[in-house]
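Next come two complexes built around chain A: one with chain B, the other with chain C.
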Partner chain A sequence: MSQAKNNIMIETLKNSYTPAIVGSILLLIFGRVLSKGFLSINNISSILMMTSILTMASIAQAAVIISGDSGLDMSIGAIMSMTALFGPMIVLQSEGASVAVMVIAVIVMGGMVGLINGIGVQFLKVVPLVMTLIMSSVVNGFSIFITKGQPAVSVNDALLGISKQLVGPVRILSAIVIILLVLLEVFFLRKSNYGRSLFLVGNNTNAANLCGINSKWVIIFAYVFAGAIAGLAGLMLVGYAGTAQMNMASSYTMLSVAAVVIGGTKLTGGKGTFIGGALGALVLILIATILQALNMVAGLRSLIQGVILIAILMVNSRAPKLRQ
Partner chain B sequence: MSLEIKNVSKHYGAVIAIKEANMVVNSGEVRAILGGNGSGKSTLAKVISGLVGSNSGEISFDGVPLDFSSPKDAKKHQVIMTSQELSLFKNLTVEENICICNLPTKNMMTNRKQMKERAKDILKRMQLESLMGKLVSELAPNQQYMVELAKAIVQEPRILIIDEITSALYREDVEIVDEIVSELKQKGCIILFISHRMAELYAMCDSVTIMRNGETVGTYPIMDKTEDEYLSLMIGSKIESYHGEGKHQEKSKRDIFMRANHIPIPSYHTYEMLEIGKGEIIGIAGLQGHGQTDLLQALYGGFGKINIELDGKKVTVKNAKEAVSHGFAYISGDRERDGTFSERNLTENLSAVQELVKHKKIPNAKKVLDELHVKYDNQNELITSLSGGNQQKIVVGRWLTASPRIIFADDPTKGIDVNARTDLHKEFAKIANNGNAVVMISSDDDELVSITSMVKTSKVIVMYEGHISAILEGNDINRENIFAAAMPINAIPEEKGAREDDKR
Partner chain C sequence: MIKGKKVVSQSFFPSLLLLVIFFAIMGVMNHGLTLSFVKSLILTNTPALCLAIGVTVTILVGGTDISLGSIVSLVNVVIITLAGLGYSITISALIGLLVAVICGVFNGIVIGIMRVNPLLTTFATSTIYAGIALWILPNPGGSIDYAFAKWYMGGLFGFIMTPVMLLILLVFIWAGAIRTPFGLKAYALGCNEKKAYASGINVNGIRVLVHTFAGLTAGVAGICLTATICSGSPTVGATMSLNSIAAAVIGGVSLNGGKGGIFGAILGAGFLSILSSIVVAANFSSYSQSFIKGLILLIGVIASILAGDKVLKDKIKGIFCKGGAKS
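== the complex of A and B ==
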């Protein structure tokens, strides 16, 4: 009996989700202690909203990190900012149709940037960190060039509605993201041939190549996928914010990396999940909300946020050793 | 003055590399060290030069025990080793490389003038002045080896270990080495010479120590014995666990399955041809690094497009994916680098080829694992939780499920236990007996003799410096013949032009 209990304990400790789940629960309790309104429906649903958008960014980041070869996408924030600016510019006769076209357009835009990233990394052999950082600056430059630095974006009601309206206690957008998350995790990452190849390529590119897997294209597609998802996340962000600014999503790049790592994905590639990234996103948003609830000055807030992040990442990178 | 090595042993984990090695070398003596693959000669060189520590035993020089904690420590005592794996910085110039161990300085900055003079001096002695100022990456392989030697000599060694350095050299280079060696000899330097080119050894060395399975078998004045006698000393008596010698089927007629007339061997800039028969097992033997791996990689599309004839039809193989579509399989002995997916479970490791590349289902993964006698807990455990032998069985199983027509295996049983080896041999024989083919490299000659006796058609090809030096069939397949072909007499290429001709 105690043996079985022990085994469950060990299994729980080994589970890569555990730190994020435990962290979220502790943060929720802490938030409730700090302020009574913390667990109100309103606050919870706005936490879920922000988590949803960061979750999308983390799904994008996770795909690239899993693809290995020191893969990292530092252009996610820039892609999101870009589609947040350009997405709402599409105006058709019906608002619903405009939103549908917007969705397709931002996916294509993001995917194109991802394709350039992937080609740069795989064919031009630029280190992913450098390639995607440069790409981020190119994308930002492009946005400023087109809008002349003065974005004039009016977000239409249909897009605003998606993030405002409630289905039960959850807003529509959060519900969509949760469904999308589970679908992508199960049918794209775990079940599809592509997802399985992605894990193998990320784990051992050499061995995957010898098996006849075309690892170059597998990795390039990971960047395209990341770009497309980030594009979609940008549209969600502008729908939630109601107005677009230059570089409005720049903080999402680092946050997405942090969320993915907190969720138990290895930075060395070949291992990881989208759901873990979502849990990591929840932890990060909870920390941000609590700091806000404490009425902290903006500068001090981001400073403390940074320190907490370093602490989490440190614990996380040592966790495998601690568990043994 | 003499170098004494007493009862030195070295093991890596359970693998014994040197077992109680003994030898005495006097000052001014050039000693050859001879032995086959894995006989421990390179390990001995590394122990003497302080690159690895020994587990027991004593090394003394001039009666003073030598116990180096690092190669730097060894260098202080002027024990220098030049190695097969070059120690040069390719992005630096020749003179920088030569002086790198002791850069002349002036006011804490490199004294370039003095450095150049010092390098020029030694390069002049080696008739290599033309190399001054060039980057090492611009040099041909043989020139790089000469620079490696120059770098060693500039440190004024009292003990110089030359490990396989001459294998990449041409005749005129070897003559220079010969001169340098006799110069050092007159100064009283002790030289340990590891090489497989017998002709060179006879020309340059005074005495020879034979190593076999990590032991020093004996030391003789070099002229005392003939080459054949040395070979038989290196081979020794048979290991009991293998059988097969004399049991091979006599040369039988084979149906040609695959033919490749122009297989590039990039390491040596040579080309070779190979014919594979239906149901055949081909063993590839030779000392390590003589182009065996290149041969297999090339056929698998590893060096770009290659034209072959398969079942009488002309086909090209551009990359691994195309190779797989023709029914080829590639099993590497370097599991961690080329085989396993360490973060993934058994099923994922097993299904990589059949499901992800060939897009077919594996109906019963458990049956495959059981047939290969894999010992495992459940299919969802990480592959790294299995022993090395079982991991390799999964890698082999990955290909067996895809029913390959030709298996290319590069030392597939390296570092796995005897039972797993036997299991893999049986699987390979089964594949060949079903009308397919297996081409297998092994650094263990006994293994090749044994596995080629398990099927009706078989041959062993022996490679030497990028060429096939012998093709053995039937009862010619034995350890003596393999060994003799792996170290042929007078096999030094005449001049630089000789290799250029091969390219055409």
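== the complex of A and C ==
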């Protein structure tokens, strides 16, 4: 009996979600102890909203990381900033229609950047880290070039309204993201033909090629997917913030990587989940919110954030000993 | 002829070519290169060159370091704050250097001994170091005695400028280290970690040493930067770390580790600095500058990677060999 219990315990401990779930529960309790208003509906709904934006970014990042070949998308922040700037510029007669066009436009914009990333990585053989890094400076430069450095963004009411709309206690967008997350996880990553070939390519490109999978296009599509999702995330961000600035989302790049890793995905590729990334995003946003609630100086806040991140990484993602 | 072939086959050759071409473009645009122009180019870009050396060294052992820019900011803030408190310039600069080395050792311990992924570790530590810098000096400001800038711009022996001396010092330290068994071990580690461990190389020790050296380069870069701007800013190095990785890649350093060297990185960083001054000098509208710079950077990286491509090289070689046989 105790043996079986022990086994279940070990199974739970080995689950890659466990650290993130335990961490976020601890952080929620900690936040409640520190300030009474922390668990108020209002605060929770804004935490969920920020988490869902970071979740979108981490879904994008996870797809690229899973594709393997030291895949990493450092241009997510730049894509988000770009779509946050350009998306609201679309103005049609009815506001609802312009939001619909915006959604399509940001997906196309992000997908285009992702396509260039993918082609650079697969056909020109530039290392993903460098390719996406340079792409991010190109995209940022492009944003400055088009807006002449003065973003004149007026976010239209329909877009603002969507991000403020509530369903029960939760904002509708966070609810949509959570549903989208589960759908993508199950039907895109686990069940679909593409998802399976993505995992196979990430694990072993040669084996995938021998199985008749065109690994190049599988990986390129991962980058396109990442770009498109990041584009959507940028639109969500501008809807939530209500105003757009240059490089407003640049911090999301590394945060998305951190979220994916905290959620139990290894950077080597071939393994990983979208839901883990969402849990990691929740942990990161909770840390940031708690530190903000404590009214700390910006520098101290960033210092503590870094220390917590390092502690999490040390617990969660140590490489196995070389001897084994 | 043999010597020429040797140079062409080196991994840093594409970056050398890029550097020479863009230097020539610069010369045409400025109607001839003056010594003072070259001097100012060196003065302003030594920090970037130092960081390129540091990043390259960490990439060679199969790691990477994106916290160096934050270390530069931290060193800048520490020096300015200490000088503001009344310490002499030498002491504040040395303490700044010490801080940078400690930061590097910390990176090395987390990466080497705790075995955490280098990219994530240095991302986390870069928020830590940038946080400390922002905590010490929340707003840009402060000043330092002009003697510091004079020491930096002046020459030690009349004509060799201080930044060049500092660069040569860093190069000598690394080049000296590479000629010892340590160098062989570092390259072996970069090529294959498991095999290196199996052949009895102290993997953790090398990681710590390499990141310590990277910290040292960031310290030197911080001192140079402080002497250039003579003021403090907590975000001054924020963009430098990623540029230095790009410089290393242009210089023919393989991000998988074990290939390339610091000379390529220096050439790559030199190319980047000339590129930015060309874009500024070419009278593009100021809004399009960063876009154009990004595009040229993209083309440069792709060109240097294609040039290192074996298949392509063999094709070119084939063309040349045919030509040779005809003549």
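The criterion applied here is as follows: the second predicted complex is superposed on the first by the 318 of 324 C-alpha atoms of A that agree within 3 Å, B and C clash if a C-alpha of one lies under 4 Å from a C-alpha of the other, contacts with A are read in each partner's own complex, and residues count from 1 in each chain.
Just so it is clear, a residue touches a chain if its C-beta (ideal position, glycine included) is under 8 Å from a C-beta of that chain, and two chains touch if they have at least 3 such contacts.
For clarity, every value in this text was computed on a predicted model and none was experimentally measured.
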First (chain B), second (chain C), both or neither touched by A:Leu210: first
Chain B versus chain C as contact partner of A:Leu300, first or second or both or neither: second
Winner by number of chain A residues touched, once chain B and chain C are compared: C
Touched partner set for A:Phe142, first chain B, second chain C, both or neither: second
First, second, both or neither for A:Gly270, with chain B first and chain C second: first
Partner chain(s) touched by A:Phe199 [first = chain B, second = chain C, both, neither]: first
Touching both chain C and chain B, counted on chain A across the two superposed complexes: none
Chain A contact footprint on chain C (complex, rising order): 64, 110, 114-117, 119-121, 123-136, 138, 193-194, 197, 203, 234, 242, 245-246, 249, 255-256, 286-295, 297-298, 301-302, 305-306, 309
Parts of chain B lying in touch with chain A, wherever the complex brings them together: 300, 319-321, 323-325, 330, 332, 337-344, 348, 351-353, 355-357, 359, 398
Of all residues in chain A, those that touch chain B in their complex: 193, 196-197, 199-200, 203-204, 206-214, 266, 270-271
Sites on chain A touched by chain C in the complex: 70, 72, 74, 120, 124-127, 129-131, 133-135, 137-142, 144-145, 147-149, 254, 257-258, 261, 267, 297-307, 309-310, 313-314, 317-323
